[in-house]
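First chain written, first letter: the chains are A, B and C, and each begins at residue 1.
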Amino acid sequence: MKLHSNPWLRTAYARLWVRAKSIYGEPLWVAINIGFPFFTSFSFTMVYRAYGLGSYAGFAILGGVMISFWGNVLWSMASQFNWDKQVGLFEIYISSPASISAILVGMSLGGILGTAPSAALVALLGWAIFHPAVNPVWPAVISVFALTLASLYAMGMALSSLYLAYGREADSVNEALHEPVSLISGVYFPSTGGFSPFPLAVQAGASLIPLTLGMDALRRTLFFGQGFGEPTIDLELVALAIMGIVLLFASSKALKFLEDKGRRTGTIAVRQR
Amino acid sequence: MDMNDIDAAVTVRVNGLRRQFDSKEGKVIALDGVDMQVRKGEVFGVLGPNGAGKTTMIRILSTLLLPSSGKAEVMGFDVGKEPEKIRAVINMASGAERAGYDFITARGNLWFFSQLYGIPSEEAHKRINELSKMLGLQNYLDRKFYALSTGYKQRVTLVRAFINDPKVVFLDEPTIGLDVMTALSIREYILKQAKDHGRTILLATHNMAEVDAICNRVAIIDKGKILACDTPAALKRTLGASSLVLDVSPVPTLGALEPLGKLDGVKGYTSSIDEERGLSRIQVVVEGDAAGQSVVEAIRKMGMTVMSNWRQQATLEEVFVALVGRGFREREHETS
Amino acid sequence: MSLRAIAASIRVGWAREFNWTNPLAGFTLRTVGPLASVIAASAVYYVASVHNIPPSFDPSMLAYIIIGAALYTHVAAYSWVPTLAIAEGKWTYVFPQVYIAPHSSLPYLIGRTLASFASSTMTVIVSLILSFYALSSIIGTGIPFIVTPVSVSLLILAMVVNIFAAFGLGLLLSAYALFATKFEWALPTYVAGLLMIFSEALFPVSLLPHPVSDIANVLPFTEFMRASRYAMIYGDIPSYSLYLGLSVLGGLIFLGLGYAAFKYAENRARRLGVIDKKTA
């Protein structure tokens, strides 16, 4: 079977194209998207440098890179179906034979492709300005980065189904989730392990969020020279893979459940009767 | 032979369809035992005031909503049990929707929608060009969606509705809010789709002129029930009477005309306001000249001056008035 | 300027902030973001200083970070409200209606800003209290805040005075939103990011290279941060007064700039015919 004749792949590719095209079609988006992550990571880098552990200023730059993806997951994945519902796109998806999972996967890959330039610019600018000390094990860094993104976007898929239950309040829920998750996940500082200021119970709870494990593993592989074979890295890689699979499965089940519920209660479209 | 009994090539079949919603005010019955059949190649109108249940019917048939009870089939597939099979052969569009991705061109959006149906890109682009040409959209295809006017966004929506070569298309008020010329070109397009390609088109609308212009048959719906179903001409014929039209001044309030409905020989009435001339136009469906005379007298007794009155051929709205006793305006006022 | 229009706009702004859910849930969800931001900034400082060789953790520096982070989220939250009111208002057609009413667009933007200022003041005060207790218990050390009726009053006075600067910034941003047809939503977040660097929220602006540090040094937001810290940490009233005065002066200059930009943008938007143009 030719790959391009597979309807699932066609749908996923089309959704990827729409997402990436929306961003690349407006180059100013990249410049705008880089703003908040870069300035925040700049500020935190200055805090590292001003008050002590300057050699770990790279933590903040890495945080700026990953917060770009987390922002994309929250604002363009989790709440996307909700937005689609408001403008009438979601009912087009549902009433077509397209697979919702294909749409979600396409949306995720498009989101990653669309966010990559601004995330890369955050990294490049941070590198150029602050020259953080790194000691990378690249195969491990790349593997951890890929798995972190996979599980993070799987979390976005799961959230997208939950958000279908919300109306216009989805934006407020996003605003409320953005900072607490980046705090608990330790986007700008280690929230788990020996460096963490948090008690063990908080660290254990935080480890249930893929971003937490991903950030920790990225710091270890990028700054501390740890690679495959290190028990913590291996464990975190396995945990990220399991989380990704579980979240994918959960999102597909939840979406099916919500679609059935929506058909029963009449909430697939915003319009009634 | 009754047109409704023809079984051959039935594409939409609805039996005892009922749907209720739970609301804060209690249960709301949107559809209350609807029976209906639509045939291949037919433009079938579902005509009724706002809140009559038209959109609910379209949402059920397009697999977005399950019925509370009863049965609905599209192309022989059950909406409850076989939604995937239905989705492959239908499409739908609503006049209330302006769905599209803002930063993508009209062409890009349409290509994206075609991919939801797994259409090869070359074929999709061919269809986009053909359908766009019919609607005069071809020169706007490379504009970003946000830069299109309301009328052109609606044209994109209507190209999308036919992009997958559907057997059955559900259209919900497709010309609402559009200017007369755009509405005319859209109606022509819809008619062509049914005639040339044998598609079934189910058109929910409260626009009588639209139904008169393009529908082969029409079901008149009110409060979730189908009151009559036939060709527009046959429905008007069944009224058996012309209607009495009166221009009166001053403009009465909606409730002030209620006594008219109680006069002997009056089947119902509706009114509209001619703001430019400061008049109210009252259309009364009457049986016989005597009833007409008593209507004129009753209006004078209400303190209004009859500026002019005449008889005219019945319209679909008067068919609705005869069936319900009220026009769309009064019906919507009652339910608001 | 119509006080009635301002009062009505405050009511609308308040409803826009909280009416989407029940008041408790609304307040909680509005507070967790600023609270998390304050704790995150504090945690970065804690990790950097405790693991320094030798450790350089200083509780008064932690207090510096807490005040800076909390007040930064406060300013960032309400200074973009005029932009939001215009961008969202174009979409819902509320703004063109407000605009064509006599002398109503500025009172409307003032009212919306004041409503957001009030709600953000509440959330920032709760964030300060909760982060103080949370961080004290996590770190196991006292945080040297001066909490007296006088210090708290001085802090609130500084916050009130800073409205001039924040509204001036809001008008500058909304000047763009008036004639923009895209990206007007994104611009405020960009500026908010810059504000984090230029307002001495987390580190002294003297650490920035010249001439950037000189610009940051005279921004009213920087003076506001300094005045607030002199009230709540250092207990130095003369320094507080100096920085408060500079904050007022800078705030008035910002307000004048914002007003001029808004008026210019208003004329330009009318020429371009985009005041009632829905944005992408």
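Quick notes on this one:
Keep this in mind: a residue touches a chain if its C-beta (ideal position, glycine included) is under 8 Å from a C-beta of that chain, and two chains touch if they have at least 3 such contacts.
The structure presented is a predicted model; accordingly, all values stated were derived computationally and were not measured.
Central chain (C-alpha centroid nearest the global protein C-alpha centroid): A.
Look at the CA centroids: the one farthest from the centroid of chain A belongs to B. Spacing of chain A relative to chain C, judged by their CA centroids, is 28 angstrom.
The distance from the centre of chain A to the centre of chain B, each centre being the mean of the chain's C-alpha atoms, comes to 44 Å. A straight line joining the Cα centres of chain B and chain C is 51 Å long. Counting partner chains per residue, chain B shows two or more touched chains at residues 102-103, 144.
Chain C has residues 182 in contact with two or more other chains. Those residues of chain A in touch with two or more other chains are numbered 26. Contacts from chain C toward chain A in the complex involve residues 20-21, 26, 29-30, 32-37, 39-41, 43-52, 55-57, 61, 65, 138-139, 182-183, 186-187, 189-190, 192-194, 196-197, 201-204, 207. Contacts from chain A toward chain B in the complex involve residues 4-7, 10-11, 13-15, 17-18, 21-22, 25-26, 87-89, 91-98, 262-266, 268-269, 271-273. Residues 26, 28-29, 32-33, 35-40, 42-44, 46-54, 56, 59-60, 168-169, 172-173, 175-176, 178-180, 182-184, 187-191, 195-199 of chain A are the ones that touch chain C when the two sit in their complex.
Across the complex, chain B meets chain A through its residues 21-22, 28, 30, 51, 53, 55-56, 59, 62-66, 83-84, 87-88, 90-92, 94, 96-104, 108-109, 111-113, 115-118, 120, 144, 160, 164.
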